[in-house]
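Here come two complexes built around subunit A, the first alongside subunit B, the second alongside subunit C.
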Partner chain A sequence: MSVKTLTIDGTAIAIEEGATILQAAKEAGVPIPTLCHLEGVSDVGACRLCLVEVKGINKLLPACVTEVAEGMNIQTNTEKLQTYRRMTVELLFAEGNHVCSVCVANNNCELQDVAVQVGMDHSRFTYRFPDRGVDISHKQFGIDHNRCILCTRCVRVCDEVEGAHVWDVAQRGAACYIVSGLNQPWGEVDACTSCGKCVDACPTGAIFRKGDTTAEKVGDRAKLEFLVTAREQQQWTR
Partner chain B sequence: MDKIKFATVWLAGCSGCHMSFLDLDEWLIDLAAAVDVVFSPVGCDLKTYPEGVDVCLVEGAIANQENLELIYDVRRKTKLLISFGDCAVTANVPAMRNMLGSSSAVLKRAYLELGDVTPQLPDEPGIVPELLDRVVPVHEVVPVDIFMPGCPPSADRIRATLEPLLKGEMPVMEGRSMIKFG
Partner chain C sequence: MDWAELLEIAETEKHRQRGIRVHCCTSTGCRAANSLDVMRNMQNAVEDANLGDRVEVVGVGCMGFCGRGPLVQVDPEELLYEEVTPETASSIIDALHGGEATPIQGDVHHPFFSRQMKIVRQHSGKLDPERIEDYIAAGGYQGLYKALYDLTPADVVDEITRSGLRGRGGGGYPTGLKWATVGKMPGDQKYVICNGDEGDPGAFMDRSVLESDPHLILEGMAIAGYAIGANHGYIYVRAEYPLAIQRLQKAIQQAKKYGLLGSQIFDSAFDFKIDIRIGAGAFVCGEETALIHSIEGARGNPRPRPPYPAESGLWHCPTLINNVETLANISAIIKGGADWYAGIGTETSKGTKIFALTGKIRNNGLIEVPMGITLREIVEEMGGGVPDGMVKAVQTGGPSGGCIPATLLDTPVDYDSLMKVGSMMGSGGMVVMDHETSMVEVARFYMEFCRGETCGKCVPCRTGTVQLYSLLNKLVNRQATQADLDTMEALCYMVKETSLCGLGMTAPNPVLSTLRYFKEEYDALLQTPAYLNGHSVQSDAIASSVSP
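Right after this comes the complex of A and B.
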């Protein structure tokens, strides 16, 4: 396997060919904020939080889906990137209906954490207050589209790990939403095995266990990574 | 040097931020020694917002005509305006009615459709302030100098915001302890 050498924030690093910039940064101990990235499933570059600057390329590249190349000189935390990241998070808050104080995921939410991380103390963008639905037709779980940031982690974990593909993205642009089955109520989708992986994969309180109320959703995101490692490397304990 | 003229106002919010302010406990005594409380639902009995206020904590979103008039008055007469809590910063729970549409849709839902006994719309011009069509955060109406999120902001967060101001310094609104929503 050939190895690529590159620099991330001035630190020289060598990593195997085919690795992403995000993996290289992790190896180098450089933290890059992410939302749609989830260990154990494929990357799609949906949230744009992991954008980095690569010398010689005049556009910003998402670290999670950009492969490393020989001699790359990468900056992960320039003023420009900080500005864009904060703007991205403000837009996510302004776009949906994210009311932390009454959310099931309060204090255990990756969107909330990332807001702190990028230093967002308010949104400069006008809130949209879109009219979105809540589906509680499933016996054990519910999905509140108001809290969804369309990271598609649920779509990927259901398809790639559980193999059920209950979820997908419907519509286009601002009308996009996570759809269950053939646009059926979640409770009526036969393919759903009620495994709950989407609940653990969801970074916010959009997909939750029924019965959990404000600040009661405690996710176990490492479980998904464990399941993948278990299957691929036969490590059945953690 | 004259004492700092300090005010707090309560717009569309549950008063939880003011309760959290009272949670400052004995530090309130130090604060009282350092400032003149010139207007506040929990610290002063004046009904008219005075001129020349140095620092004002604004709790709540802008939801009705009275909130709107008061916030313009506050901004005009205040040097440093602090959005105090999630309702002021994001419009928070009061803004969840925005999803229903205009104020008439909201009133109809609350007072007619859900009214158990003698359903009727509240209508007392000059006494009951009219609802605005949209509930908005304070900074969408007037410029805000400091944002202090939290539902409510903890007493520690309030103190960490006010203490530097007493020394003439600006607080650093960064990190989980200062800016976490909710």
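Right after this comes the complex of A and C.
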């Protein structure tokens, strides 16, 4: 195996042949935003956030699937790339119903992180407010298609790691959605081993553990009363 | 089958055909206008008049003048009849023995026909696509024989390279270079794929070639297989072309029967089989990597390239994938030689191109013209211009192409010139628009098409086309402001530069080209902010500050 040397944002780096630009950037400590990339499963180059400019090539290349070559001069954060990344994130936010305040993944969401990373504070595009449905037929998990960004990480992790292939993509274009089994409710899919890999792979709050959602939080009014009256009644436990 | 047998079949067939041949178009267009009844009535008339020994009514492929179908041509006299009805059909036969033909007689010397140069369509409308003997009589499969016995695979690749043939699917990639790449890839198993997933609105060249001359494609694919070292080919045809599929199936059976496909073709060591795969209606499956996924039985999604199919294609084997029209040129190049072919066309674009001439134009139909002919010659001379009014623009390249304004009609038709004016060759749709056409609505139409056909894999194409369509809709409904127009333009460039495959990369082209040439139409649709209606900003501001 030979080694390739290249430059990423001015930093020279040597890396094994066959590595991707994304791996090289990681090694060089250059952050490149990603959403559909997940360490350990195959890459599809679908979210287009990791596009980079390579000197001498007149189109933008996805870092996650482009192999390094000797002498490559890569720019990962030009003004053009920043603009396009921001627009990509804006498009994603306008496409689904991404309301952080009531989302299970709030503060633990890669889409949210990327929005912060690229500096997106609002979307200039019309919000589509889709009504894509929620499937809570599974006994442990649920999927809210309105929060899905179609990164297909769940599809790949289920197929490539768990080997169950519960998930796939149905329809096309704006009508695309993640389908379970043979377009059955998730809970009825025999192939599902309830391993939860898709929950962990999901970058947003689309696939979640039951009990985590805002609506499922049980308000404990009795506790409030207990706190207020604890001293008077000398009851410190309940 | 050997050379002598091939010539014998050809001779026998030519001998059989020496009488009068009444050609009746049985392709999809004329069929829809009842040409099968026309043919049956003519056949009955021949029987009734007892002319069976010297007149033969033959169902043939497309003659090109689809706007005036059903078409009937009597050869060798070259009498063309247009808009023949089942009622008037028998009079054509009567005219052969003293009667008078009542259907409209067409002019075969009209520029629509005389300016054409037929290489791909040389047999279309002349031979029965369901009889291999007809094709052999016209010199068919001689190119394959020549390739197998007179040329090495490297020679064949060299011929194609020197001919200057470029991919007819739209991109214009040099065919010879593609063949050489696949040919030189290591590996025992390689494939040839014929891309017949033609889906541009208004384009029907490939359908016509497949319906009219299916053996031409089989021969082209076999030659390609020999050149690159493949023994298996697939023809990917869309399900919306049932007649093409039926004729291809029949052609493959006949070619197998004659030993022109299958094992030991022409008693040589070369084996080649062809299978048909039917598309399920996705436009994106015309993109090569999506098409390969579809043949493999997977969802028809494109994947990032490299690796290109030439390196890793069908089942990860080196794969040659060419468009129908590209493969239809091969046999002629091998028979006629690279130098002859390279003598046709312009410096960078060689040979001929078929266009489906449609829209607001007198003569609708399929034309095959040498590269380098100007748009004006096609639209005004061959097409006869717009029936009442002026040409406003010509759209080429379908949803991936652009609108060329009337002022640029003198642009020669070749890959590079069309690219320079912001459009592209595309697969060959050519839609003529008159002054009543709103260019913004045209752009919206194509965007609606792309929005419905994007596979949904990559973000810019999936959501960008939806947003672009809604912005165009806003414009057409006169609800858009200058800010919307700016957003739209910025989004166009973003979708163009960041999309994964050709569909997304070219989807904004109709918008960008109309913005470039017809900006005033966009501006005219912009909503004037209410505060500017009859007031200047300043006086309005004063008014609002004065009144409580």
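The rule is short, and it goes like this: the second predicted complex is superposed on the first by the 214 of 238 C-alpha atoms of A that agree within 3 Å, B and C clash if a C-alpha of one lies under 4 Å from a C-alpha of the other, contacts with A are read in each partner's own complex, and residues count from 1 in each chain.
Operating definition for what follows: a contact is a pair of C-beta atoms (placed from the backbone, for glycine too) under 8 Å apart; a residue touches a chain by one contact, two chains touch by 3 or more.
What you see is a predicted model; the values in this text were computed from it and never measured.
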Is A:V116 touching the first partner subunit B, the second partner subunit C, both, or neither of them? first
Chosen between subunit B and subunit C, the partner touching more subunit A residues is C
**Request:** Tell me which partner A:K59 touches in the superposition: subunit B (first), subunit C (second), both or neither.
**Result:** second
Notebook entry, point to check: Which partner does A:T126 contact after superposing on A: first (subunit B), second (subunit C), both, neither?
Noted result: both
* Is A:C100 touching the first partner subunit B, the second partner subunit C, both, or neither of them? -> first
Overlap of subunit B and subunit C contacts on subunit A, residues 126
Counting only contacts in the complex, subunit A reaches subunit C at residues 44-48, 51, 59-60, 62, 65-66, 83-84, 87-88, 91-92, 94-95, 124-126, 128, 149-150, 168-169, 171-176
The subunit B residues in contact with subunit A across the complex are 83, 86, 89-93, 95-96, 98-99, 134, 136-137, 139-140, 144, 147-149, 151, 173-176, 178-182
Within the complex, subunit B is touched by subunit A residues 93, 97, 99-103, 106-107, 112, 115-116, 119-123, 126-127, 129-132, 215
In their shared complex, subunit A is touched by residues of subunit C numbered 282, 284, 299, 301, 303-304, 451-460, 462-467, 470, 487, 490-491, 494, 497-500
